[in-house]
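Same chain, two partners: chain A is paired with chain B first, then with chain C.
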Partner chain A sequence: MRKKRWVPWVLIGPALLVIVLTTIYPLLAALYYSFHKYNLRRTPQFAIQIGEGGISIDWSLLSLENYTRAFSDSRFINSLEVTFWFTVLSVGLSVVIGLFIAVIVQKGGWLHTLTKVLLIFPFAVSPALKGYSWRFMLNENYGVYDLLIDSLLVRPLNALLSLFNALPLVEIPLISESIVWLGDKFWALFMLAMSETWGWAPLIALMFVGALGSIDEQIFEAARIDGANRVQIFFRVTLPLLRPVILIVTMLKTIFSLKMFDQVVTMTGGGPVRATQTINYYIHQMGFVRSLDIGYASAMSYILVIVLTICAALYVALVLNRD
Partner chain B sequence: MIKSLSLAKLLETAALLLIVFFIMLPIVWLALTSIKPQEKAYTTDIVFAPTLDNFRIIFSDTSVIINEGTQRERSEVGRDMFPSVINSVVVSGATILIAIPLATIAAYAFSRYLFLGNRALLIWILTTQFIPAIVVAIPFFTLFRSIEVFDRPLLGTQLGLIIVNMSIVLPYAIWMIKGFVDALPGEIEEAAYVDGCNDFQVLFFISLPLIRPGILVASVFAFIMSWNEFLFALIIGREMRTMQVALMTTSGARGIMWEQMAAAGLVVMLPIFFLAMFIRKNVVYGLTMGAVK
Partner chain C sequence: MRLTRTILMLLALALFLALPVGGALAQDVMDPATFGLDASKPYDGTQLKFLICCSTAAQFASAAAKGDAEFTEMTGISVSWGDLPFGSFQEQLYLEATNPNTEFDIVAFVDAWGTNIYDFLHPLNDLVADAGIDWDDYGPAYQQASTGNSDTIYGLPFRGHPLLLHYRADVLEAVGMEPPQTWQDVSAISQAIVDSGMDIAPTAMYYGLNVDQNLFNWYSHLWGAGADIFDENWEPAFNNEIGVAATEQYLSYVRDGHSPAASVAWNEQEANQELVQGRAAMFVGWWWMASRMSTSDVAEVADNAAFAPAPGWEGGDTTSYGYLWAVGVLDQSDDRDAALEYLKWLTHPVTERRIVLDEEFVNNVAVRLSILADAEVNEYHNGLLEVASAVLANARTIPLIPEYTEIVPYLAEMINELATDAGADVREVLDRGAEDVRFVMEAAGYYD
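Now for the complex of A and B:
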């Protein structure tokens, strides 16, 4: 082999340097800020001072105050809860609907192929635009989603309920036709998760389509010959074989959901009454909008970093296990 | 038997149509709204006389008057969006012009050389993508406030945003291009070494031309990522508005002007549709950094 030992380091060096500067530097700086009282409205006092006499450290300026403050801040606790439920809803819906789409479109005629091509479309719509378009379509006066939900779901359901209520049994209250989707605490969070699902379920479907395609056709053939129907094949053959991919995709989507920010700004603005204030949104509010408390924002984002580090470790373990 | 089979077929077709409807509705609705006359934008009518007025409005300062009544009230709202289009193109373009060459040579080294820590470094690069963007944004915000380039603070400039974009684009690009190098058989390179080429000659004259399609795909992917990026654009880009941030300027004293938002939205997504179609087969590989093919 003529390859020289130092060559790879020359080739990797520049990229590595840029990655370190744009990820490790901010990680360290944010950690440092998080132990300080650091508000942009005042001149901050930093513990490490570099002067003529060398480096001096004033330990009294460092404190865990920002961290203790976070855990007694009911709005921060609220943002943890919101993020948790958003993640559970959006990951669950994206993976289940993605799996459903993948199984349907995987093989078949031209309509299957066409649908497979369309799956890439939501990827082209930026998250910020996704938020705006969903907000527009959910409007209670002129939103097309509102119209469709009312006429295709609520009214038929109410008709059924009225029939049932005609019987002298229990009286079930009818569903309101005038729900303000983004004005209701539950529905706002649910619709935020739905907008995320709209963007991700098709992409996750594409991931599963690839995985399904790599399964040996003879396995399905054998199951069919043994008399299994489609539902049985799905639960007994497809699902177990896809398990490693499902785990990886679920973990990856969990990480993306925990990082979600854009649509909260453009779709709900955190409302109503903080019902959709995710961690990222609350950090942004405290650091850049309502107060300019960089120290507190850094501490809160470090709590998120710790959560994501655990997820990342799990993800890497899953990926390495599979290879 | 035949009867149950056709019922299954019918259900499958219905499910397919439902999927198509679910995917396409927001996109079609946005496109429709963008060509609706203003008085029809706030209805669910689908019959109307199409107009390009909304595009004309967002690309002129007249929307200030429509949004705010008078031009003086809030000049930030409803400005001509053309500078934002330029900002987005410049930022995304410069981001890939810097990131892709760096990523290409790094990816090649990761794929072709066995060195201490090769695998560990690659995985570390992957995990940098799990850092929440807000943690990257906070220190760069404070840093760029105090750094001045040509007597202007870096905060709110194209350069500032390009630098921060590296943190999301570079790792993905390295992983994507590495996938393409991995797929290339090494025999041609071996032959070149035998013929007396050195490492760099092999890289630049033998391998690079062969992985050009892969570099193109990674560039398009990286372009889409930085084009659609919102958090950095909001915090670091600030008043240098990219298109993602300019979408917010359709919101004035009378709320969001949806017909203008839809027109701006179409400008944002239409070019990306073509790019996304072009790299359709590689998006999954890119997004999962090779974990799912």
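Now for the complex of A and C:
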């Protein structure tokens, strides 16, 4: 029977067309723009010109200026640093808290099952709404998080410190109850990472619950027979067995953290000063709000694309290696 | 019995007399001639798209509703209002205005944003001349913002906002002070409130980074003191001696503890909430916020809601920022003439007056001097428009150059840095800000 080679192409054609139009074309267009002086305020001059005489290329209109400009732009360098620290904080917190939640809810029973179902909700909240909610909840006058942090953390700690200070030793200063969370450079970045963790940790917990469920119970049983306690079992048995999943989850979360944008807009506006201006936020500002400099914004986007591609390649390698 | 009959006859007479008057009023607003519209309906069936943000806000909703009911009836043109959140409106405006295939015909734009799309807007000088639009009915700040200080009219003033001081009359009365006329008075009253031991923040400022709102009151300080953003050669001038003094005064409210420490992260809305919820005694913000205070759920706030012109500088000016939303027609619109018809109706004094007297969508926002001085309108809004008119007489707009949208975030960051870092040296940070501004201006060729 003769194979109809065109059938697969027809079947994947529509999907391929959508990908070309929505992904490949914008990617190539942005790459092309990144080598041009292209500002929305002015009529652009592109290297490739299509005229009556056919297609001609004016090489003088192409340059690497946008790329070299990025690495001499202190604000772009700042956005790289901010993105790096945001990624470290949000990935670290999401994975650790996710693992902690997973260990708690992994057992059977209706309460655990219900908790697992509820865990998906924070992830389902839109990032922009997450930012608005956190801004509201961190308000010093009526924010519920501000109240909780003060009541459950700061005041008990201060009470302990006061007891310690009553001894004739060194005096430790008390923690302020009036920290302006979004008005302090460190705390603003930390809270931005926390808002991201709030959404991601439960999802990561569900991934870990699945991984924990796939570990053979006999391994734990053997460890217990050998006299290992719960802490030893967790660190010497569970964690090593979860290592491949931890790596995959870390890489996946890293990719998403590097793209942080929505909460910056709605929660911090990039502030205080430039403390939460991530790369994506800065690209958006330069391309569509401040300068309308599409050429420069495209070049910065491609620098981000290179970083993301490396992460994505690592992620794929990890997944394939695991399989 | 005779008395009842007499009363009934009088009522019937009153009704008889009232009918033609009411009929005449109804006829006026439904008569195309009132607005200079073409009664032959040459654009019947045309559908226009209007790019605007926040169309559910009372100041916009009233116009949208009246347009649907009346303008469409008179002309056959229907207008669909976009409803984008303010935060993403600027970006969408630029994208649509520069898009040759945009589906939008009419755009609303804020003064500073307009400079980036002037090349894509249809000049309205002919419309103003042909339709007999009284250009002098708009204050100087609004004229500047609509023309970019040129001879070309890019947009017609549509919604505009002067800055007012909103305050608690009871708190000021308790400390025996009159409403402040200068920023220095604000400091003195604030200190008196602190000294009185009252459990209320004297002022609620907003120094946070949020659509550059932390610059609104900085401009008033700067201009009032006699400084400016640029000098006549487009060199940054806000970092001179006067600029430093003005900025120090602007920062003094949070640095002296007169504005809550959290105000370093607040936007305008959050600061206003402090006043509306009874936690602050004074707030300087847009005039439309007056109704929030008078309708506050906190009885002592609503009962003591008061407003006055935004403060000026002691021994200096009372110049403040007059913020304008203008409405223009995109050059690439296929239905430009129909869009111009809509502008005639939308910005007509009869429409503006009815919007500001609307009982369904209560709002005080008017831009024409004649409406601001209108006795009935002022009676309806407790004299708010008269006070606003006095502020607008001295108001001005920001530098109307395309590069200013690129500069504004640098200035906002500069102010935010000074507010969040109490130890930061004002001169040093302003100098750094001036370098950033100069870099942008130099790249744009201003010093060639």
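The rule we apply is simple: the second predicted complex is superposed on the first by the 315 of 323 C-alpha atoms of A that agree within 3 Å, B and C clash if a C-alpha of one lies under 4 Å from a C-alpha of the other, contacts with A are read in each partner's own complex, and residues count from 1 in each chain.
Note that contacts are C-beta pairs under 8 Å (C-beta built on N, C-alpha and C of every residue); 3 or more make two chains touch, one makes a residue touch a chain.
Not measured: the values here are computed from a predicted model.
Comparing chain B with chain C, more residues of chain A are touched by B. Once the two complexes are overlaid on the shared chain, A:185 sits against chain C while remaining clear of chain B. When both complexes are overlaid on chain A, the residue A:269 reaches chain C alone and has no touch with chain B. Contacts of A:77 after superposition: neither chain B nor chain C is touched.
When the two structures are aligned on the shared chain, A:137 is found in touch with chain B, with no touch to chain C. Legend: residue contacts after superposition of the two complexes on their common chain; A:311 is shown touching chain B, with no touch to chain C. Of the two partner chains placed by superposition, only chain B is touched by A:255; chain C is not. Of the two partner chains placed by superposition, only chain C is touched by A:285; chain B is not. On chain A, the surface touched by chain B in one complex and the surface touched by chain C in the other have residues 40, 141, 265-266, 284, 288 in common. Residues 87, 90-91, 94-95, 98, 116, 119, 208-211, 260-262, 264-265, 267, 270, 274, 279, 402, 405-406, 408-409, 413, 416-417, 419-420 of chain C are the ones that touch chain A when the two sit in their complex.
Put simply, chain A touches chain B in their complex at residues 1-5, 7-9, 11-12, 14-16, 18-19, 22-23, 25-27, 29-30, 33, 40, 100-101, 104-105, 108, 111-112, 114-115, 117-130, 132-137, 141-144, 147, 198, 202-203, 206-207, 210-211, 214, 230, 245, 248-249, 252, 255, 258-259, 261-262, 265-266, 280, 283-284, 287-288, 294, 297-298, 301-302, 304-305, 308-309, 311-312, 315-316, 319-320, 322.
Residues 8, 12-13, 15-16, 19-20, 22-27, 29-30, 33, 42-44, 102-103, 105-106, 108-110, 112-113, 115, 118, 121, 123, 125-128, 130-143, 163-164, 166-167, 170-171, 174, 193, 198-200, 203, 224, 227-228, 230-231, 234-235, 244-245, 247-248, 256, 258, 261-262, 265, 268-269, 272-273, 275-277, 280, 283-284, 287-288, 291-293 of chain B are the ones that touch chain A when the two sit in their complex. Only residues 40-41, 139-141, 178, 180-185, 188, 265-266, 268-274, 284-285, 288-292 of chain A touch chain C when the two sit together in their complex.
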